[in-house]
Each structure stands twice: as structure tokens, then as C-alpha cells.
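Just below is one structure, and these are the notes that go with it.
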Amino acid sequence: MAKTEIVKLDIDQTPLREIKKTTLGTGLIKGLGITMRHLLSRSVTIQYPDEKDVLPARSRGVIALKEENCTVCMLCARECPDWCIYIEGHKESRQPAQEGKRAKKYNVLDRFAIDYALCMYCGICVEVCPYDALFWTPEYEYAEHDITHLTHEMDRLSDWMYTVLPPDELDPAATGPEFKTLPQRTAPAVAPAPAADGEQPTAAGEVAAPKNDQGEPSAPAAAPEQEAKVTEEAAVAIDTDVATGEAAPQEEAPEPEKEAPTPSEPQAEATAVSEEEAEEIGRKVYEEEIGKGSDPRVAEGRRKAAVLRARKGTRGPGG
Amino acid sequence: MPDLLHLLETLLANPWVILGIKLSVLLILLPATLVVGYVELKVMAHIQHRLGPMYPGGFHGWAQTLADGIKFIQKEDIIPRAADRMVFAAVPFLTMMGAALAFVVIPVGPQWIIEDLEVGIFYALAVSSIGVIGVLMAGWASANKYSLVGALRMAGQLIAYELPLVLAAAAVVMQAGSMSMVDIVESQRPFWLFNWPQGLSFVIFMIAATAEVVRPPFDMPIAEAEIITGAFTEYSGMRFAFGLFAAEYIAFIALSALATTLFLGGYLPPIPALDWEPLRPLWFLLKTSSILFVLMWVRWTYPRLREDQLQRFAWKVLVPLSLANIFFVGALKLTPII
Amino acid sequence: MAKVPDELTRARVTGAGTLRTEEMILNVGPQHPATHGVLRVIVTLDGERIVEGEPVIGYMHRGHEKLVEQRDFRQITNLLSRMDWLSGINNEIPASIAVEKLMELEVPPRAQYLRVILAEINRILNHLMFTGSFGLELGASTPVMYAFRERELLQEAMEMVTGGRMHFGFIRPGGLKEDVPRGFVETVLKGIRQLIKYIPDYENLLLGNEIFKQRTVDVGILDPDLALEYGVSGPILRGSGVPYDVRRADPYLIYDEFDFDIPVGAKGDAFDRFWVLIQEMRESARIIEQALEGLPAGSHLGQVPKRLTLPEGEIYSRAENPLGELGYYLISNGEAKPYRMKIRTPSFSNVSVVPHLLRGIYVPDMIAILGSMFFVVGDIDR
């Protein structure tokens, strides 16, 4: 075998040679110093389950199903690499609007189950759903003793919806994905102008709600939100097969969003409340729900939803 | 009432009763093992920037080692079919006894010693070598070729490091002029802190002691990649808890206590002014604890030495060094310095 | 003291004739605390010395190359992260590049920068993991805890962007799945700064430690010719003195725009390989800082058709995985699913050179050598 030519480079080998030299015990002493330093500093442990880490909104904990949006198109079941989504549905007919017209057929969802023992948490189903019926939530505490209980049926999947967090704001420099039919938007060069925004601490805007319920809404975020909002709108309008920029937000968001993308003034200050009042409302809702006999997770989810609504000043379904 | 006092007096005058009381002091070794084990877990955890046991017992998990002990008790007692049953079962006795017997001559005060033998230090070092026989017995009786290899390695290591240990102690005996432990402590009055002639002996003794207890960085025989736990692989449950775990910690405490007595002045206070009778055990405890801490600190900082490097270090570095040390101390003894 | 000539391994004992020593076959089995995962090494021992060592692989074969023949590229990306689970995004990037080159898709600059940032973060995560586990195998149980502490901040950044901590599934042909959230840049910078602050700790605790040096210097010396013959790549090759890095030799993404050095070892022993690993972390941090500074505004996904039907053809795309050169040879016959995808993994070639390193050494050295070969069993077996 021919000897390979090792190209001589100007790489400085002195650090390597220095550190490789035999020393007489100074390395040992330095090592002791490092461990002593750590011994005297505070530990970084988070004591689970008494303390829990706050996970980002995109965390892939468990998948939640929004039944109302599902049209049994079966795209998620088809795209799943593990085939762990089990969907059953049937067709029903609707009365025609006028006499003599054909009866419209629509799909009804009978069974929607995800087998989390098989699921590889890739998120393709969430990404591919054209009607935004699937969402990621950061919940991870659903371990079971029996593996068959790891198949979550429709009711359980719907319950998970109460734990879905609104998506994080995008980086200000982000614009949406490139679409052939839309003129390309550019990122804002300057921080948002409307002075009104700075004076409204609670009008956090429609799309980019705070990272978690306890986080402060960020005030100077109106303009990038507008951009994200615009591309969102456009994305929703366009072919939904292509991957969109971000997961769709919760149900309240589309209504205020459909209005013109103006600064958030005319929106919601009428009913937007302060932080403490929002928390108070949330507490009341929670107690109400528990009083009615709901599951504590459901009550928690409704509490969070009520707090968010109160903060933004939007109305919930049914007022 | 006077009858009761009279009874008590006659009892306490009986030498057998006194011996019984003294030996029962050794029972304190088992709870001591639990405490030292727990401290080791906490020190390890904080060095690694984490918290360690927090749950058992509630307050920072103080009952962790106790819970481990209870867990060991309820384990199945397995003896391999091909093993030599009598020898297999006898091993934990040897390892624990060898370590515990050294406590007979450790002074916690001038009269607070179980028996102040005239050959105190000689006895302590001799008795701590009984453990080597225990290890060899364990390796042979396990009927497992990997255990045998591990046992031979461990025996080799213990024998190799016995020499620097003894030679370092010999330097102390030379300076003190007596082998009795109490005499050695008393000879370090009043300024044991500045006992500079024994500085090198101290370091050699500490290194040899770490190797004697088979702790990192000298733990190749037990934490071997191919032989998990080496000679003691076949030991489970209470045999393991007593034979390896407890015996190791007792030996650890024993050697630290020996080091305190030989080099750090035993029960002497840091400054002579604080020499008050009831405080003496406290000084002893503080000094032993600091040695235990330093050995724990060293354990969690360094990787393991390979077996041949271990042996080379013992025979080619430590033994010549300790011989030179004896020469040096002997020369000093001839001068009026010490 | 790693290699001893064969004559000295058999002894003539006076008074006992020639001792016939038997060679013992030891199975460092698939389940073992010292090998990373299910690698089996059949070792023939003569006393304390290894006469021959043979790694047996295949215990983790999951049929990746067959699986990808039935799936389209979004699913393939998710499957491929499971090959070398410590490298994360770096497994997905060459696959996407292969598709992009075949279909001639343009990737917007922002997506390229973000890909580089994510890839380098994963390189640091991988190297931290091996730093910790190498120390653990040698008996130093503290550096592994420190390494995991450093990993946490960077994994937080990855979770913030992709939602996962180990398997990401984030790279799509044409760019990324989503754009990064607000706060990503700050989190990454915080993680990098903490890493740079603590790398000297690893250097002092491990590289500078005399006991560590005794265990790793002159142990497992890999001859550069032998390494090149077997196709070894990555930090192991660079530890032997060959300055070969795919990011320089065949730049993919936009690596030619960044200024970084390639650490190269001198002798090829375990110490050099480990030193290269730690220095590479520093270089990755440099790349990330430069990329974050130059991160342009823009879109995260280029113009990609609805259905990704690959044109007929074949292409080999490769990248510098943290463990070495990862290559995908993609043959397509006009459908959305690949006709054949041959995966060239770095760990397979790296481990194939192990028998040469195991001759004539002590058993504890075998542990040190296996630890310094930096392989992931999922990568060997696919």
C-alpha cells in the first residue's frame, strides 16, 4: 500500500503538545479545584414532581384532536409513518337546500384513536391536517401500566385540547414561506410605529399570545405580528397542502384576524381587563367547573382559556 | 437504693462486664456506616452539581442508606450451586471483622480507648490485613473464573499497598518512640498542626489507605468493566451489604481514624488552650470527618488507574519514597530537632 | 505500555517446564455497561492480554434502507434521525440536500443559515455526550454530569424550535418545517456562552489530569494509512493527523462562508481523538456565533411543489456528521418514494478498524479504546 501523503498544514499543534506534556501533579490539583468549586455552588436540579419545567409551546408532548374540525379526510392516517392513527367514519346525507337538488353527503367521525405506543412523535399528522384538527400540546404525564391504555380514543384526545398552548411568536426577521402566487413580503425594517400599542399593556394582539399563560404579553410586537398575521391569512387562503409557516392558533383568533390588519386599537379594549382580574375570572371559572363535577384537567383547561380571553378581551363561544 | 448502687459498683468492677461494655461500643460502627454512606452520596451529588437523595425520611433524604439496608435485608440469598458453601458464607465475617478490630486501639481520649495495647499500631495494621484473606476466599469460593481473576487482582493490590502504609506508620513510631496509640497521640502535644517531619508520611499513608480500601482512583478490582465487582460478583442481598459495602466503609472509617491518630493528633485540640476533657471526642470526630471528606472529594474527581499502573505506582514510587522518608525521619531523630 | 511483543507474553517458569497457557474467549457481550449500546466484542484473552478482538454487529439492525423505500421524504426525514440518535439534525440534512440537488430546488439563505446553526448545535450536543461518557468509562463520574448540564440549555433551544429534544424531523427539502420563534437567538447565545465558559473545566478535569493521560496517551494508536484504508472519518481520522473534513473538502450548505479551524491530532492515540472532540466544540461555537450574527431575514422554506416527485436519476450527497462522513446514495425512478437509498454511515467504518487496535493490549485499554472510537450502535447497524 502506498503511503498516503499527509498534507502539511499550518495548524498550530502547540495546544495539543502543551496539554499532552507530563506534569507532576498540577493537573490533579486543578481537578480538585474544579470539583470543590462545584461543591460550593448551587445545584441545578429541578425537583420533579414538586417542581416542573415550563415547556415551550411547540413541545411534542401529546397530540390533541379538535373534533369539530375533522372531516375524516384520512390524510393524517395515510401520512403517518407508523400507521398508528385509527379512523372510522361513515357518510350521512344532508337535506338539500332546495327542492330537487341532490342531497349533500358529509363525513361523520365515528372513531379517532392514536396509539401512542406506536407513535413516534414526528408530527406529520399535525402538519398535514388541512383543517387544523390536530394540535401539539406539551403534556407528557400519561404513562400507563397497561399498554392498551396507551391508545387514546376520541374523548381523551379531545380533552387534551384544553392543554394546547398558543404558538410562540416568530422571530421578528421571519417572513412566511415563499409562495409562487403571493408577492414576497419583506420583514419590517423598523420597530413598530403605532404609539398606541405601547400604552395598552393587555392588548397583546390576536395571533402571538404570550408563551405561556403566566408570561407577560409583549407590547412592541404589533408589527411583526401583523406580518405573521398577513402570511397566516394568505396561508389559510391558499392551497393547504403545502406546509404552512406555523400551526394555526386557537379558535378565537380567526375572528379578530379576519378584520383588516390595522393596529390593534379598535379591537378589544372595551372588555380587556388587567392581569389580576383575569386571574380572578380564571379562578372563578375553575371553581365553577369543579363544582359542576368536571374532571380537574377539563377545569384547568377552561380556566386557562377564560384567563386568555379575559386578557385579550375577546368573547368565548356562546358569549 | 443503696443496694442498687452497691450492685452497680460490683458489676462495674467486674472486668468481664467492662470488656462487654467496651466491645459493645463497636456496635456504633453500623450506624456510622449508614451516616458515612449518606454523606458520601450527598457529597458526590453536590460535586456533580446536583442534589442527591431528597425523599427518604423527608428532610434531604437522610434515611436513604437506611432504606437501602432494609432493601438488602429482604433480598433473596443466592449461593451458586458450584460454590463452596462454608467458605462462601464465611467471607463477610472476615472482611467485616478485619476492619472492625482495628477500632480496639483507637483512642478518643487518654483513657477512652477499649484497650491501650503496647503494640497498638502494630496490632491495628496487622488486623486490617485480615480482609485480604477474605477477598481471596470470596474469589475462590464463588466458582466463577472472573471472580477469581478479580480476587487475585484485589489481593495483589492490597498486598502492594500494605508496604507503603506500614512504612509510613513506621516513621511515626520512630518519631514518637512508642507503638502505643495513646503515646503516639500524646507525643504530638502541643502543636500537632506543625508536625512537619511527618508531612510526607501523611501523604503516603493517605494514598496507601485509599488503595487499601479499594476506592477510586484505585478501584480497578471492583469497578472493572469486565468484572463487575470482581471477587464479590456472586454476592447478593445481605451478604453483599455486610461483606462488601459495610466492610468497605468500616475499613474506610478505621483507616481515617488511624490517620487522625497518627498524624493529626487524635483527640488533641487545635490549640492547647482548648484542651477540655469532654471536648476531646469532638476534636477526634472533626479530624476524622475531614479526612473522610478529602478522600471522598478525591474519589469523585479522578478516573481510575489501570491495574499495572497501580502496581507500578506502589512498587516503583511509593515504596522507595517511604523508605527514603524513614531514612529522613531517622536522621532527624538523631538531631535535637525531634 | 500498550503493546508488548508476543515473545514476552508466554513465560518459561523454572522447575515447571513450559507452562501451557490456554487462551480464554471472553464475550464482552451485547449487554455491557462499557460499550455504547449493543455492540458485542468477542475477545480472545491470553492472561491479561488480548490476542484478538472481533466486534459483532447487527444487534440493532432495523432495516432503515428498506423502510425508506416505502415512504416519502417527509416520513424519511423522521426515520433517518433515528439512525444516529445523538446527532439529530445532521442525519436529516444530507437527505434533504440529495432531494434538493435532484429536483434543483432553491433554498432561501435564511433557511441555510438556520440549518447550519441547528447542525452545529447538534454537533456540540453529540460531542458533549461523548465527552461525558468517555470520562465515565474511565472512572471519572463527574464530567458526565457537567456535560449533561451543558446539553440542557442547547436542548432547550432545540425544543423551542422543533418541539423535540432528540429526534427533530425538522428539515424539509427546500428549507425548514417552520421558522424559529422569538427568543431563539438569545437562548442559543446563552447556551454557547455557558459552554465556552465551562470547556476549560473539561480540559482541566480530563485532558490535564495525569491519571487520564496515563490511561489514554499512547493507547489505541491508529495509523493514518490504516484509517484511510478502512474509510474512517470524522474526529477519529482527524485525531490520527489527517486533516479531512467534509465541510472543507466538499462544502455543503454554506460552510464555505464561515471562518473556522479544523483541529487535527498528532499521534492518533485516544488522547488525541478526545482532544479533537473538545476543540471541535469550540469551533462549532464559533460557527454558530458567526451564523447568528449574519442571520438574514427571509423565509424558511423555498418554492417547493405540492408533491415531491423526484426526477429519475441518482445522486450521492454527503455531510460531516459529528461522528464522521454520512452519505446517502439515492436512486430514484420518478416517484415520490426513493427506489433505493444506500446509507453510508460513519460508525460502521470507524468500528471496522477496531480489531487492529485491539491486538496485544490489556483489557482495561480495550474499554478506553472502545470509548474513544465514538460510535453509536444505531449508526453501525441502521
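We just call them A, B and C in the order they show up, numbering each chain from 1.
Here is the rule we use: contacts are C-beta pairs under 8 Å (C-beta built on N, C-alpha and C of every residue); 3 or more make two chains touch, one makes a residue touch a chain.
These figures come from a predicted structure and were not determined experimentally.
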Winner on C-beta contact pairs when A-B is weighed against B-C: B-C
Longest centre-to-centre distance from subunit C, chain (CA-based): B
Inter-centroid spacing, subunit C versus subunit A (mean Cα positions, whole Å): 31
Whole-Å separation of chain centres (CA-atom averages), subunit A against subunit B: 58
Inter-chain centre distance, subunit B versus subunit C - centres from mean C-alpha coordinates, in Å: 44
Sites on subunit B at which at least two other chains make contact: 47-50, 300-302
Junction residues of subunit C - those touching two or more other chains: 142, 146, 149, 205, 209, 211
In subunit A, residues with contacts to at least two other chains: 28, 31, 34-35, 38, 44
In the complex, subunit C residues that touch subunit B: 1, 24, 26, 28, 32-34, 48, 135, 137-142, 145-146, 149, 205-206, 209, 211-212, 214-215, 362-367
Complex contact set, residues of subunit A against subunit B: 28, 31-32, 34-36, 38-39, 41, 43-45, 47
Touching residues (chain side subunit A, partner subunit C) in the complex: 1, 3-4, 6-7, 9, 11, 13, 15-17, 19-20, 22-28, 30-31, 34-35, 38, 44, 55-60, 79, 81, 120-124, 127, 136, 167-180, 184, 186-187, 211, 218, 221, 239, 241-243, 245-246
Touch list for subunit C against partner subunit A, complex: 71, 74-75, 78-79, 82, 108, 110, 142, 146, 149, 152, 156, 159-164, 167, 169, 172, 175, 177-185, 201, 203-205, 207-211, 213, 217, 224-225, 228-229, 241-243, 261-266, 271-272, 275, 279, 295-304, 306
Subunit A partner contacts - residues on subunit B that touch it in the complex: 43, 45-51, 54, 297-298, 300-302
